[in-house]
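What follows is a group of structures, each given as structure tokens.
Both of the next two complexes hold chain A, though its partner changes from chain B to chain C.
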Partner chain A sequence: MALALPIIVTMGALVFYPLAVTLWDSLHRVDPMRPGTPFIGLRHYIDLVADENVRQATWNTLVYVAIAVLLETVGGVAAALLLSSVKHGRKWLLAAVVLPWALPPVVNALVWLWIYNPSYGVLNALARTAGLIADNQVWFNDRPAALVLIALVHVWRMLPLTAVIVLAALQSVPGELYEAAWIDGAGPVRSFFSVTLPLISGGLAIALTQSTVFAFNLFDEAWILNGTSRDTRTLLVQVYMSAFQNLHFSYGMALSALVMFVSLAVSLFYILRIQRTTEFG
Partner chain B sequence: MRRFAHPAWWLRLVGVALLLLWSLGPIYWAVVSSFTLPTDLTVRELHLLPPHPTLMHYQNLLGAVSSFQGVVTQSVWPLFSRALLNSTVTALASTVVTVAIAALGGYAFARMRFPGRRALFGLVIATMAIPAYTVMIPLYRLLVALRLVDTYVGITLIYVSAFLPLALWLMRSIYETMPRSLEEAAWLDGAGRLHTLLRVVLPIASPGLIAAAILTFLSAWGQFMVPLVFSPTLRTKPLTVLIPEFVTKNYVDYGLMNAAGVLAILPPLLLVAFLNRYLVSGLMAGAGK
Partner chain C sequence: MKFRAMLLALSALAALASAPVRADDAKPYAGQAITVLLPPWGTLPKTMTDRFHAATGIDVTIQTLGWDDIHAKILTSMVAGSAPADVTEVDWSWVGQFGSAGWYLPLQDKIDAKVIEDVASSKIFRADGKLIGMPYSNDFRVLIVNKALLAKAGVAAPPTTMDELLAAARAVKAKASVAYPIALPLSPSEGTATAWYLLTKAFGGDLFSADNKPLFTTPDSAGYKALAWEIGALKDGLIDPASTGLTDVQVQEFFKNGQAAIDLAGWVGNLAVYNDAGKSKVAGDAVAALMPSAVGKSRSFGLPEALGVPANSQHQGAAVAFIAWWMQPENQIEAYNTLGDLPTSTAVLKTLNEQGKLASGSVLLQQIPTVEPLFANGTPGWYPQFSSAASGAINQAAKGQLTVAQAVAQIAKEAKQAMSQ
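Presenting the complex of A and B:
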């Protein structure tokens, strides 16, 4: 018990206590510009639903989540399949795949900011060379393009996690099953969908949850690439602006509490599903 | 397996090439840009190698004087070196503290029986899904009250509380895969519980310790949201907060930005190049296996 004491103290003082304060304050009006902290019940939460900025940020976030989960899952599974089929130099290929995940997200975003540069960016140069565009594009002037490009940077960073989780799941699939499927006349595509996919579904569920939660909490990439622009800001950027720029403390807290509830709900959903599959499997 | 891969050996080769291009291409581009003359950075033609390789961006970053567009400006080295020091100190300190606490606590959660053990563990793990901003404002007030804003101790404490759950999860899962017989043998020989943990259990769990240390270090090294709020001045401001400031100034010195980025990438790059085995096993275990 004494060994767990540092954990209880650290987490209690620096996570659970502030969390309780956040939930409590979100029911009050805490605003350094206005006197007093009256109890206002769910006022903030009701206002949040009607807030145009919050709505826009929610849409942006959902777009990021959709793009990130789709691309990370498809790309991650493809990368994992490729990795498990490579025999020579797999160690180095794995290192190359993992690398983007290991780098500071801010530096990633800056590297891509330079790639997306409207005047001198390599994306413009490549697209021109390929004949896709006649002249340089200011990519972030176009909201759909901006959303996709920011999501892409996030995918670049998070795809390795999906790839590694799926790779771990793939390694636990017994090789005899593929032989059996092959003897039964199944081709590679067929055996992927009827042998591989069901057996890695547990790992895939974990990867999906991680993709969803991380994309839902996207901040660094959107902040670096396009600042506080309404077109691309995420819910957490909105929280930062409400709380730390506009100094509406408790309003920002209420929004961050909402983000937390959704993250927890997604995680809980996956934990319950995993437990059910392991109980019956 | 081989029979299923047969459709095309070259298909796999194309796949590997695409994967390498996707993963390393952007990093390669940053490295190339960091060695390119400013005049070559702003040409329309695409060049895959610097036409006139130069070290000037690194000299600007690390030298006693800096220049921009031929004008000598104040050196950024004092800023850069201080931020580098700040990043290193906070990342290392939070790694050591996190791993130490997780190594002891993980053992308690894996082996000892105390009331509320499962609930407590579940609560701590659940905090991984909490966005940092949910606790940021009360935490800020708390640190102001303790006079810990913009101090190494304050930043380290926040990092520890943020990265402890994953390290704890990792260490507990390592202990749970270890046979109890070793510890029981040590107890029979009269070794105490703590002595057994330090001398018998931890050495065997060292791959897990390394994995937890790498994951914690990388998370702390790359942190942006926390220092954006808690490191307002150069006293504790890390590279992740300093480098974007190069961009928001009037002129954007892309060469300098890329050189600084490449230097900030180096520690993670070395970890991945030499200790990827532990990193990957940590990611696999951390994913709930």
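Presenting the complex of A and C:
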């Protein structure tokens, strides 16, 4: 207990106390433009459900989460398997893969802003060269395209983290199991599903959880690439606008609390699901 | 005689002894240090801050941040109970929020009344009768055109009506090989909303009634016509379709590079920048014209920026001294020459024009009397939320996701929601 005390105090002071204050304040009207902070119960939460901007931002965020989690998981596992099979120069390859993750998110988004630029962006040039388009496209004028393009920038930045987590899990799988599977007649695909996947499920749960939480918290990419546009606005952008543009602090707090609970619930679902699969697999 | 001589000597000694006291009176805040938080166009050169130090004995450190970042920094600092700086930017659009929150020191009794009267746009910075900022940048909108491109297209004089404006743009596109003659932002950003407000005035209307009812929802309203005009110009290929992702500052680059002939979102201070050969490819060709009107009377509105003192600043006296110093004519003139901040003093503007040092001076002095505040009763606290909704809906209309009718209905709905919160 004594050894755990520092982390308990730190988490209490930096996480649980602010969280409790945020939840409590979300039940009040905290607005510097108006006097007092009266208790209003669940008023903000009810208003959030009816707020069209929040609904649109929720939908956008769910699209980002779906794309990000899917691509980061598939791509991350593929990258980890590739790295795992490389015998020479793995550390250099790993350094190259990790680079996008090491870049600050704002820098990453600015690089992609240039790539997507309608006048001189590389994407238009490549698409024209490949004969896919005749004229330059304003990519963010099309909502589905804008959502996918922003999600891809996020995936580009976060995929390396999934790859590193899965790579660590892969390295803990004993080689003898693959040899036994091979003797039993299992091919690479069967080995992957029967040996690799069950044994890396713990690492995969962590990777899925971080992918989900980071995708729910997507802000920089959407903000830099398309500003406050409703087409691509995320829940966190909406939180920022409510609290720091419109000065409705407690309304923003209520929305941020909802985002946190939803992302935790989805993450918990993965963990329980994967645990169950492992136990009975 | 000896007695009188002694009295004289004592008087002289007393005068000598009191001399340093008078010097201290002239510099009551000498030795203090203040911080000033402003956007790039408010970052005074060192020669000016050195002069301020010599005049007052106050050390000044200027911190530069982007305009949007300053708003966020002020909000977070004030909520945390600390001053973001001793003097900060106060934009006209923040007056309702900051005034309601009581975050800024009232200046009406601290700045000379004659100075306040001379700065006409100071009225915009009153919240509940309290002056929370003194304007340093006299931003208002005029039409800015490239006279060389207009001449190439056979347009002899700048347009005076909205129809003439469209005709001029079509002529420039056809004869002067300019693909998109009108520079107008259409992204979800403040510059998009303010351009629409300006065009609403150009079509002879206002955004809200005296009791804050939206006046832009019917097809015969000025706001509706203004948005329809913008979307029509976009569909006619007179505005770059990429403008849906560009802010006002970004579309101004088109004008600077000669890729646009008509700037509908430029602030007057830009004239100095457009005509600076070191910063622009169209130097010498950018001229101001009165804002065109569909109803025969040119109108414009002011978007001035001011200097304010956070109520929790620890150096309020020194901060007020800095603002008073900036208001002096020679300092306003130097800020105009070095930063392009159009002086806020009416007297200074007249002097500059008489000396021939004010770019398109006669037009600006003609436009100034037509400059109105966007909100006659002061900028309300819900303005940022409304403005964000307006630019968002305009952006959606420009992308073809909403019709003009749907866009104005959405703006009105969100305006009501902003007012009710």
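Going forward, the second predicted complex is superposed on the first by the 245 of 281 C-alpha atoms of A that agree within 3 Å, B and C clash if a C-alpha of one lies under 4 Å from a C-alpha of the other, contacts with A are read in each partner's own complex, and residues count from 1 in each chain.
What we mean here is this: contacts are C-beta pairs under 8 Å (C-beta built on N, C-alpha and C of every residue); 3 or more make two chains touch, one makes a residue touch a chain.
Please read these numbers as outputs of a predicted model, since none were measured by experiment.
Undergrad: Would you sort A:58 into first (chain B), second (chain C), both or neither based on which partner it touches?
TA: neither
Undergrad: Kindly classify A:213 by the partners it touches after superposition: chain B alone (first), chain C alone (second), both, or neither?
TA: first
Undergrad: Quick check on the superposed pair: does A:175 touch chain B, chain C, both, or neither? Answer first, second, both or neither.
TA: first
Undergrad: Specify the partner with more touching residues on chain A, choosing between chain B and chain C.
TA: Looking at chain B versus chain C, the one contacting more residues of chain A is B.
Undergrad: Now for A:226: first (chain B), second (chain C), both, or neither, which partner does it touch?
TA: second
Undergrad: For A:32 in the superposed arrangement: first (chain B), second (chain C), both or neither?
TA: In the superposed model, A:32 contacts chain C only, not chain B.
Undergrad: Answer with first, second, both or neither: which of chain B and chain C does A:244 touch in the superposed model?
TA: The answer is both, since A:244 touches chain B and chain C.
Undergrad: Under the stated touch criterion, which partner chain does A:100 make contact with: chain B (first), chain C (second), both, or neither?
TA: first
Undergrad: Between chain B and chain C, whom does A:118 touch in the aligned arrangement: first, second, both, or neither?
TA: Only chain C; A:118 stays clear of chain B.
Undergrad: Regarding the shared-chain residue A:21, is it in contact with chain B (first), chain C (second), both, or neither?
TA: So A:21 only meets chain B here.
Undergrad: Report, in rising order, the residues of chain A that make contact with chain B in one complex and with chain C in the other.
TA: 119, 244, 249
Undergrad: List the residues on chain B that touch chain A in their complex, please.
TA: Residues of chain B touching chain A: 1, 3-5, 7, 12, 15-16, 19-20, 22-24, 26-27, 29-30, 33, 41-46, 101-102, 104-105, 107-109, 112, 114, 120, 123-124, 126-131, 133-139, 142, 157-158, 160-161, 164-165, 168, 218, 221-222, 224-225, 229, 239-241, 243-244, 247, 254, 257-258, 261, 264-265, 268-269, 271-273, 276-277, 279-280, 283-284, 287-289.
Undergrad: Enumerate the contact residues on chain C facing chain A in the complex.
TA: Residues 71-72, 75-76, 78-79, 96-97, 100-101, 103, 187-189, 241-242, 244-245, 381-382, 384-385, 388, 391-392, 395-396, 399-401, 418, 421 of chain C touch chain A in their complex.
Undergrad: Which residues of chain A touch chain C once you look at their complex with the stated criterion?
TA: Those in contact with chain C are residues 32-34, 118-119, 138, 140-141, 143, 226-231, 241, 244-249, 251.
Undergrad: Which positions of chain A touch chain B when the two form their complex?
TA: Residues 1-4, 6-8, 10-11, 13-19, 21-22, 25, 78-79, 82, 85-86, 91, 93-100, 102-108, 110-115, 117, 119-120, 122, 125-126, 129, 156, 160-161, 164-165, 167-168, 175, 178, 182, 188, 191, 203, 206-207, 210, 213, 217, 219-220, 223-224, 236, 239-240, 243-244, 249, 252-253, 256-257, 259-260, 263-264, 266-267, 274 of chain A touch chain B in their complex.
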